[in-house]
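Paired with chain B in one complex and with chain C in the other, chain A is shared by the two complexes that follow.
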Partner chain A sequence: MALPIMAVLVFFLVLPIAMIVVVSFWQATEFSIIPAFDFENYQFLFGSNVTYRVFLNTFKYALITWAFTLGIGFTVAYFLAFHVRSLTWQVVLFLLCTIPFWTSNIIRMISWIPFLGRNGIANSTLISWGVIDAPLDWLLFSDFAVILAFVHLYTLFMVVPIFNTMMRIDKSLIEAARDAGATGAQILWNVIIPLTKPGMMIGTIFVVTLVMGDFITVRFMSGSQSANVGRLISNDIALLAYPSASATAVVLLLTVLIVIGILLRFVDIRKEL
Partner chain B sequence: MEPRPKSFYVLGAFFALFLLFLYGPTITIAILSFQGPGGGLTFPMRGTSLHWFRDLFEQQAVGDIWGSFRRSFVLGLMVMVTTVVLSVMGGLAFRKRFRGAGVLFYLIITALVIPSILISLGVGLIFSQSGLNVHWSTSGFGAQLTWTLPFGLLIMFAVFNRFDKSYEEAARDLGATSWQTLRHVVLPIIGPSLIGVALFGFTLSYDEFARTLLTAGSYNTLPLEIFGMTTNVTTPVLYALGTLTTVFSLLMIGLFLCLALWSARRKARAGTDAGKGML
Partner chain C sequence: MTTSHKELELVSVTKRYGATVAVDAIHHKFQPGGYACLLGPSGCGKSSTLRMIAGHEIVSDGSILLGGSDISDLPPAKRGTAMMFQNYALFPHLSVADNVAFSLKMRGEDRQTRLAKAGEMLELVDLSALSDRLPDQLSGGQQQRVALARALITRPDVLLLDEPLSALDPFLRIRMRGELRRLQRELGISFVHVTHGQDEALALADEIVVMNNAVIEQAGSARDVFNAPRTAFVAQFIGGHNVIALPQGHFAIRTDAVGIGDPSAGGMEGSILAVEYQGAHVAVSARVAGDQEVSAMVPEAQFFTNPFNPGDPVGLIWDDANLHKLTA
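Entry: the complex of A and B
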């Protein structure tokens, strides 16, 4: 029964990864790529300062986005799970949070233009309030815009798993805490947050991997001014430099897998479904 | 009922702001897509018109939008059906131990966390090096499955974790074959969740960009077409297209949700004969 799914994954996941690893040792000329076995691509990659800067930038995006999505996602899920009292409303509001996930990311990125542009809503509002005199240039096509878009796109990856674990918390535990004299903040800190950790971990895995593997958000929202590893790869691809793109891809994949490996030590995904 | 604590209103306001943050930008471009013919990409509105929507229907104005929409739609359906069928089979398989279960589980997780561009690059390389043509319905199709199948399978895990095995035992005790048990007991019970899997399969495929980037070949899917437009189209026609495809997505989501609701009701009605017994 599991054979078809296995076949698809072997052909479209395992083989491609193997192919990337193989090609990362190949050589490239301007027009073609040649099978070979040398470490030139890796030497170039690790010998270049750009690589380290770009990897650092990628981690920066991942960390900042993670902090924001976790904060917002937790608060939203907490409201839904513990403050909305009827199940119908919980379902309706939860669906409202998840619907954007099923619409196009690219269009959701584009839709920030009228907000953040030089003559956009944010700038004209701030000017009319007298907060600023001249339009701010760093709203669109900047790191700020990149992070904003990441948070916009990926917060629901936090909301869903956190809400899921919160809904499975036995309400009598909270009552017990209250009977024992705990304040609201104490309940939150000593009961709810520890019990919600698996959900936060799953959300973290999603957000971190999505941000680290992204190239399109960074390209679009930074106006090609910032770079992360994904963009490094996609630039190489655009130049048909597949071997060097593959070498970068291998390093990126290893980095992501190491991060996930660490995170998975804290949570058993199958138990949490 | 006890009165709502003060924190309810604070958190409620936060939640409302979050919804505004989620939907505000999309609503803005929906409004701006009705710009007058002289309008630009930002406010103010220079009149209102359907000018930019009309532009979309003129082939020359902006690439092959309708062709790409058709391809995305067909591909979405292909991915949807495959995802549902394979996820159910995988979900059923995972209820018992089998050889390779651990490996398959880790492959699923890998498929979920691997940067999309790696799938794109790897599948593209395999096809080009083995002399095959990349095409949205072959390489693109497979590449998208690596994104939809993990979601489908994870949903099935969640479903079967909550599945009461005594229904099957009852069916078997009544002499049902394993196929009859599956067909008349298991599938009707998990039916509503399958609509959820289908929703994931279709919408994730319909909107997928990175995994189709190098695997779609010379015929673009809609997200690729839209992305191409962002670099060279600077008129609200971009918003008009964005609005149309978002409306289409919302219609599909609405359709799936209604179907799920309907089938859950039907299940509740057909699943019990309580109260109809002859006393």
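Entry: the complex of A and C
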């Protein structure tokens, strides 16, 4: 029974990763790649200041995006699960949340560019309202733009698992809390948030892995002014420096696995799977 | 434990959901410090009534009075009532002690005091040993006792129980029934218990309130309701009764007041439909004129001195003094 799925996993998951790990030990010159077993790529990676700065930047993006997607995602899911009373409306509003996802990630991201640009809709509107005198430069090609795009792209990955967990909370628990004299805020803090933790954790894993592995959003929205690990890898690939790209990828993979490992120590998500 | 004798009274209490009326202007004064059962089939409005008393449903019309003051617009926790939910609604992420102490935490009492009070409550329901467990690790009966302790820790004047025994297996149900009764006597507060099981209501209640179609059909002591059902519905729902249409009107007669004999010996003629041996009694059902079905509970020894089989003609005998006239 398990054999076909094992075959698929080995062929499409284990083999490619093993390949990356193997290549990460190879040597490369400007014009050739030499199979070897050499720690040169890793030595270069860990010896370079750039690596640490780029990893730090990647963590920064992940952390800020996580905070915003969690805040927005929780609020949206809470509204859907506890304020919208009829199942029909819940379904309708939930589908509405997913409509933007009918277009591709890249198109949704790029459509921010005319909106945020120097002479874009945001700036001209703010000027016409008299809020600002001169166009804001930091709206586009900045960390702000990168994080805005990340939050826009990935909030749904937070909404879905949190909504799913919230829908499984027995409504009589809320009544029991109210019977015990809990206010709305107390119910939120003492009942809903603890019971929604597994959903928040699943959403967190989605968002953190997506943001840490991304390179295209950072490239477009920062106007190639910021870097994250994904861009480091894509630059290496562009230069055909596959061994170096592989080594970076292995380090990134391990980093993400460690982060998830730490997260899973805090919350038990087994019941949600 | 303090004894509270505040009187709970429903004054023309009505609940409407859109066009449907779930509870239709009911009046009732509950006995202070008594054990009352709201009895009725599903959809009769008994749960809505309980939830209105608890404050989890808004009263569409009328008032709920407790100790003379109108509580209909107060939030649940300010009413002096506490509710025990049908599936117990224990917080799955909190230990038994934290579940019980939940309302004290909401009030802002410090951890030490609230755990001490929760400990007292757990002692009352005999669960002190399990205070660190999570609800998932308890049996149904234990969960129910946690729910009881959690409801009682606020020292309510009235405890409201929504089908508290329905999730338990039959054996446990009977044991918990005894325990509920004992607790109510010890605490001396009013219990209002919703159930659809007539045996549960008869066994527990000082006062039975039979509801049907959004109104109260009959209220009174368990013996009064059982021995003098006012309507055909009550007679049938409370069990142990035949409802017979006679030329003089509709009558209820207890099944154990009906005897059987040879048709030649007189009585109402009929033919046996089924015979069921139940141990102490044999349940005999017979079809009589007018396509009515009449059941008789015949003591076992008496039945087997002159046994009948399905299809046999039979005479059903009773003392007319046992016929009880129904109003509807």
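Just so it is clear, the second predicted complex is superposed on the first by the 262 of 273 C-alpha atoms of A that agree within 3 Å, B and C clash if a C-alpha of one lies under 4 Å from a C-alpha of the other, contacts with A are read in each partner's own complex, and residues count from 1 in each chain.
The working rule: a contact is a pair of C-beta atoms (placed from the backbone, for glycine too) under 8 Å apart; a residue touches a chain by one contact, two chains touch by 3 or more.
Bear in mind the structure is a predicted one, so any value in this text is a computation, not a measurement.
In the superposed model, A:161 lies in contact with neither chain B nor chain C.
When the two complexes are overlaid on their common chain A, residue A:178 makes contact with chain C while staying clear of chain B. Partner contacting the larger number of chain A residues, of chain B and chain C: B. When the two complexes are overlaid on their common chain A, residue A:186 makes contact with chain C while staying clear of chain B.
In the superposed model, A:194 lies in contact with chain C only, and not with chain B. Applying the stated contact rule after C-alpha superposition, one finds that A:203 touches neither chain B nor chain C. Contacts from chain A toward chain C in the complex involve residues 170, 172-173, 175-183, 186, 190-191, 194-195. The part of chain A that touches chain B in the complex is made up of residues 1-2, 4-6, 8-17, 19-20, 23, 72, 75-76, 78-80, 83, 85, 93, 95-97, 99-100, 102-108, 110-115, 117, 119-121, 124, 152, 155-156, 184, 205-206, 209, 212-216, 220, 230, 233-234, 237, 242, 245-246, 249, 252-253, 256-257, 260, 264, 269-270, 273.
The touching residues of chain C, counted against chain A in their complex, run 54-56, 75-78, 82-83, 85-87, 89-93, 102-103, 105-107, 150-151, 154. Those residues of chain B that touch chain A in the shared complex are 1, 4-5, 7-8, 11-12, 14-15, 18-19, 21-26, 28-29, 32, 41-43, 85-87, 89-90, 92-94, 98, 100-101, 104-105, 107-119, 121-123, 125-126, 129, 142-143, 145-146, 149, 153-154, 157-158, 161, 199-200, 203-204, 206-207, 209-210, 213-214, 223, 226-227, 230, 238-239, 242, 245-246, 249-250, 252-253, 257.
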